[in-house]
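Presented below are the structures under discussion, each in the form of structure tokens.
Presented sequentially are two complexes of chain A, the first with chain B as partner and the second with chain C.
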Partner chain A sequence: MKKKILSLMFLVVFAVSFVSIQSGFAKDKEPIKVGILHSLSGTMSISEVSVKDGELLAIEEINANGGVLGRKIVPVIEDGASDWPTFAEKAKKLILKDKVDVVFGCWTSASRKAVLPVFEKYDHLLFYPVQYEGLEASKNIIYTGATANQQIMPGVEWLLKNGYKKMYLLGSDYVFPRTANLIVKAQLKAEGGILVGEEYTPLGHTEYSTIINKIKAAKPDVVFSSLNGDSNVAFFKQLRAAGITAEQIPTMSVSIAEDEIRGIGAENLIGHFAVWNYFMSMDTPNNKPFVKRYKKRFGQDRVTDDPIEANYFGVYLWAKAVEQAGTTELDAVRESLKGLTFDAPEGLVMIDPTNNHTWKVVQVGKVNAEGQFDILYTSDKWVKPDPYPPLVSNKVVIEPGKVVEIKK
Partner chain B sequence: MSPEIFISQIFNGLSLSSILLLVGLGLSITFGIMGVINFAHGEFLMIGAYSAFITQSFFIKYLSADLLGFYFFVALPVSFIIAAFIGFILEKFLIRFLYGRTYETILATWGVSLILQQLARNIFGANNVDVSSPTWLRGGITISEGLQLPYNRLFILAISTICIIGMYCFFYRTAKGRVIRAVMQNRTMSACLGVPTSKVDAFTFALGSGLAGIAGCVVSLLGSIGPSTGQNYIIDAFMVVVLGGVGKIVGTIAGALAIGISSSLFEFITTSSMGKVIVFSLIIVFLQWKPQGMFTLKTRKLD
Partner chain C sequence: MKKEKLIITIFLLLLVAPIFLSEFRLNLLGKYVSFGIAALAIDLLWGYTGILSLGHAVFFGLGGYCMGAYIKLQTETLPDFMMWCGMTELPWFWKPFQYFWFALPMAIILPIFISLLIGIPTFRVGIKGVYFTILTQALALIFVTFFIGQQLYTGGTNGITNLQSILGFSLSDTKVMQVIYLITVVILIISFLFCRFLVKSNLGRTLIAIRDSENRLKFLGYNPMTYKLFVFAVSAGLAGLAGALFVPQVGIISPSLMGILPSVEMAIWVAVGGRGNLKGAIIGAIVVNFAKSFFSETFPEIWLYFFGLLFVLVVLLFPKGIMGIINNMVNKLKIIKKNRIIHAKADC
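== the complex of A and B ==
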């Protein structure tokens, strides 16, 4: 009897210790969960699906090289459905239910503004990959796309330097184009440009003949366009039908990248300009293999563009930060992200330690017949991000999440 | 405003009018004959536009490249037939139960509109698709420097002129048209005289839907096509019908011209949103003065 109890106790102890060893072992090798939150349906899916693919490619590559801290990365993919409240809801689900360590996602400023309170409330981290209007610097967001002084402002500067002085501003009617044009107007005033017209149309607007006539009458040197989405198709088709070529009046777009050119049709866009930080046609040591891997993974007809690349290196930056911190714990990751550099397809990039935006090069391209950009200008060196340009704002960022007003 | 700009604005107005006319015509006759306020009418435009897209895809896939230029001539009747057929089905299974209940038709057809939009989203995806204009419709006639009339807009004008003439001949020169007009003027009396009114209703509804289908086919030349394409035109089309007067072809023409040309002129002088505000305000003022619209149908019905 005594023997029996003893052996039973032994068995129990053995079992318990086995389980605890097992679980300790599992904790080491337990995969790291990351959230991916983009519109996979609805009007924005045209752009966001490709960004999701870029993020997945980075995750797969990291996993193939042994993962992070010896653990595999497992993506949890959610669909924001081009609907801003859904974005907020899904962000909450990723943080609270799936308990992911970081989220990569969003495209429109509207969706970012919708999830921002969620990330601040639960003190979590989002990597946001798209150029935007600036005037934000949350400690819960890493901005891997350009802010105003890395896209809009150098774009205008380049135009003015190249003799395009008279500008016509055309944009979709929501927060990004209106803020962008506010900056452009201040810049025209300060740098000697002339504003000859300004026009906003609702998202999804399709009748551009009158606006094209206005452009004709105003005789601008260039149209600065922040039109978004499908309106671009109607605008460029009708511009061409009205007999206006890019030689006569070119446009400078801030929302048309390689992926959008496919939708609008390269023949409608030949000779028009765009300003970005990354072009698929860039001749850097890292870009060619990146484009090749992306095409191999998702199809030969696919293209890479600026926002795709931005969160591709966003994933790598995060992985590097985790590796350096030795943990996925948020504060430590945030600390090691400060000033962290990565050799991205566009060249060396760095997370700014005070405002969480990314140091990156600025380039101007011209659309060619293949739907690619011929690069006309590059800043060569990376440009320091300034989400609160002094031209339109009297605020400065002193540390992530802390913005103060300064007296002029 | 220089003369060239003025002329080309008038031309743009005419072009917009011609599209509104095609959409409004169908609305006007369905409302005139059946008292149905069809909120799903814009979706027939959308169906027409997708039909053009399907036709184009078919040409690209199965026929040689030389024939691609002609796909649009096939797309026009295809759009008409598909939209008319779906209109016919809708009338048979829903609208005919709602005759004489104008307010219910608003709700019911609005529901149909949502269903059709979602259906398009499920079939074709949420992303807009694009029909590329045939090469012979690219470019335009240069009248003078700074004044070019695009071929595609001229083509749209021509199509809608043909449709109007066709409709006019049909309504005023054929026996079937006479029957439709009879039902429009006095349904009960026509029924007493042996006119199969339910058949006339179904036919007229299909005809109106088919015209919207043609409108959809031609707007695919101007921009991209999406599930909500019809929504861009439906409000303006209603305005055309209300302003022109219900049930009269000449009223719809006048309404379309008035709204199309004034929209483009006011949009030019002010901005695109402000132009719309001015046009709509003018319509409201006009309707205060003439609540029946520009042209009214003379009936012996006591309202």
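== the complex of A and C ==
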């Protein structure tokens, strides 16, 4: 008799589990896999590891609050190794093998350009957290960093308004600085600035005495710098050694954030400017707790900065979009991302419904002795992202992924 | 024939791989196979002739750029990076690359040309050994700097990306990718047979003689320079061909593929596989790259340590590489068999 009851119970359990699998019950409780793709080794790792940490923090927080659609988020981490073909390979792996629902990743324009065809080929979704040169609007990428008109152009405008008319352009030799300076030059012409010099050095360049002499000779009001990576350490040290202080010739940087200041040394940067959408020193209701959580999770000596924050809220935006769509299915998520807002550490942000970039506030900061920024200016209002600034382009985005030429 | 069992098995496995591998894995394997061709090129030069080049990625990269330029021009009349730099017209030296019949041969000819440019002055004055190796490293550095600096013409650090179609076939089609994979395997087999033919011929014996004692060869009346130039050029051309096969499968070519690091990696494949052994070169390239993918996928944050450890262990414990291990085992088996036969005979 006992045996019979036992076997009956087995049958019931079996039947129930079978039905539940059939009805998709088990599938709904499956964790949601998301990809994280950054350089964890190689030259870019100093910047990208922190961004990865920001993304992980957001995922942990969301999971602690019950996950998305009642499902846990599980990150699949891959190392792009500062090598662009590796980025493309790992992107393929995340999409095809791990079958992740979304990927958060990349830093350099080169790595984004390398994975872009992969995301378009498999019609997948990438959240890209870094300010960049624009002239791109894929329907497969959500850009949470700034476009030129949200960083470079307001930066130049602020300089001109504050009497820094004579500008010297200095940048690393690759697509971002080249395009950035193309825009700056057009802007100087249109808004009455004067270009007194333009110089590019290869990534990783460390010998700046010649250029510093040229800067001395040109006597600019300000150096507009789009130097990236290690070169900044050499440039600012040599600038200081040459006896040029920020009072004499300040620089305005578009690639130096709090994380980079740690590497360059605050003493070399005091008084220099930077323009970003987020500063760690921001006094917003969401920022203080965010900084506190980040430090608590990854160490008290760590700092937050613009790209870290950009994909921290990127993860939240995606989670919100999934909640709203009620599914992780891509088309639905993309649809609910359109015009979606989120109260990020930097304040309220919104995804533009036509070009997939982010509406955000612009701010100018000045480096202080603690390696933090004193905020000198804030736009207060949202600036609409425009990946194709009319100054240098005759194209407009009409819907995500669709760019048309306009005749003048 | 018996000796070739191993390599025949490998080739057969590679040929039937599309049946049981997923799209992603097959794509990776295709990349490894193209690396196998580059490894053959290095083995010919280093393993057989004793000339270590740590700049072979330059030839690989040049081949890749030729193919990349061709594929790019299939879908874009003016490559996107030129547009960003403010160009309005295609530069003249880019124009012929829109034709496959020009681009593919150039992927082999251009590396050969560069190798002769380097080889003639260096071999003539008798620069060899470590000095030649340093020279090839400088070559890699020069090319990377040059390609990054000439953003207007080469795409700079980004390289050439967003490659869509080849000979009218879309590169996002799984079937097309399978065919490209199979072509790569067939070219690997042909390259292998070609290299084997070379090293088994009189020429091959001369190459080995150069490796083992160049001076003695000179006293015998040979002029090693011609042989060295020849093998350097063949090796460069083969590496270029490998690069051309690599690009449609990976979909990007950038200066990071032609620098010192990938050059050293190429030498490592051959060292791990077992140099002076053509099978070893192919096995080394596939095994090392498989390990690289495996470690970086399994331990994304600390994979480089595992990878480094693997190299140190192989070099320390098995200086003759994987082929050394296999040969050792085969020899031991033979001895055991022999002993058995002797015992069996004794029993009678």
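Assume the second predicted complex is superposed on the first by the 383 of 408 C-alpha atoms of A that agree within 3 Å, B and C clash if a C-alpha of one lies under 4 Å from a C-alpha of the other, contacts with A are read in each partner's own complex, and residues count from 1 in each chain.
Just so we're on the same page, a contact is a pair of C-beta atoms (placed from the backbone, for glycine too) under 8 Å apart; a residue touches a chain by one contact, two chains touch by 3 or more.
This structure is a prediction, so every number in the text was calculated from the model and none was measured.
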item: Chain A as common anchor, with chain B and chain C clashing or fitting; value: clash
item: A:Pro85 touches, of chain B and chain C: first, second, both or neither?; value: second
item: Which of chain B and chain C A:Val118 touches, first, second, both or neither; value: second
item: Which of chain B and chain C A:Ala344 touches, first, second, both or neither; value: neither
item: Contacts of A:Glu199 with chain B and chain C, given as first, second, both or neither; value: first
item: Touching partner for A:Ser41 - first (chain B), second (chain C), both, neither; value: both
item: First, second, both or neither for A:Leu135, with chain B first and chain C second; value: second
item: Which of chain B and chain C A:Val361 touches, first, second, both or neither; value: neither
item: Footprint overlap on chain A, where chain B in one structure and chain C in the other make contact; value: 41, 173, 202
item: Residues of chain A defined as touching chain C within the complex; value: 40-41, 77-79, 81, 83-85, 88-90, 92-93, 96-97, 108-110, 113-114, 116-118, 121, 133, 135, 173-175, 178-179, 182, 202-203
item: Residue ranges of chain C in contact with chain A within the complex; value: 22-25, 27-28, 31, 81, 84-86, 145, 148-149, 151, 156-159, 161-164, 172, 250-254, 256-257, 293, 296-297, 300-301, 303-304
item: Contact footprint of chain B on chain A as seen in their complex; value: 41-43, 45-46, 82, 173, 199-202, 204-207, 209-211, 213-214, 216-217, 230-231, 233-234, 237-238, 240-243, 263-265
item: Of chain B, residues touching chain A in the complex; value: 1-2, 5, 8-9, 12, 15-16, 126-128, 130, 132-133, 138-140, 142, 146, 148, 150-153, 219, 222-224, 226, 228-229, 232, 264, 267-268, 271-273, 275
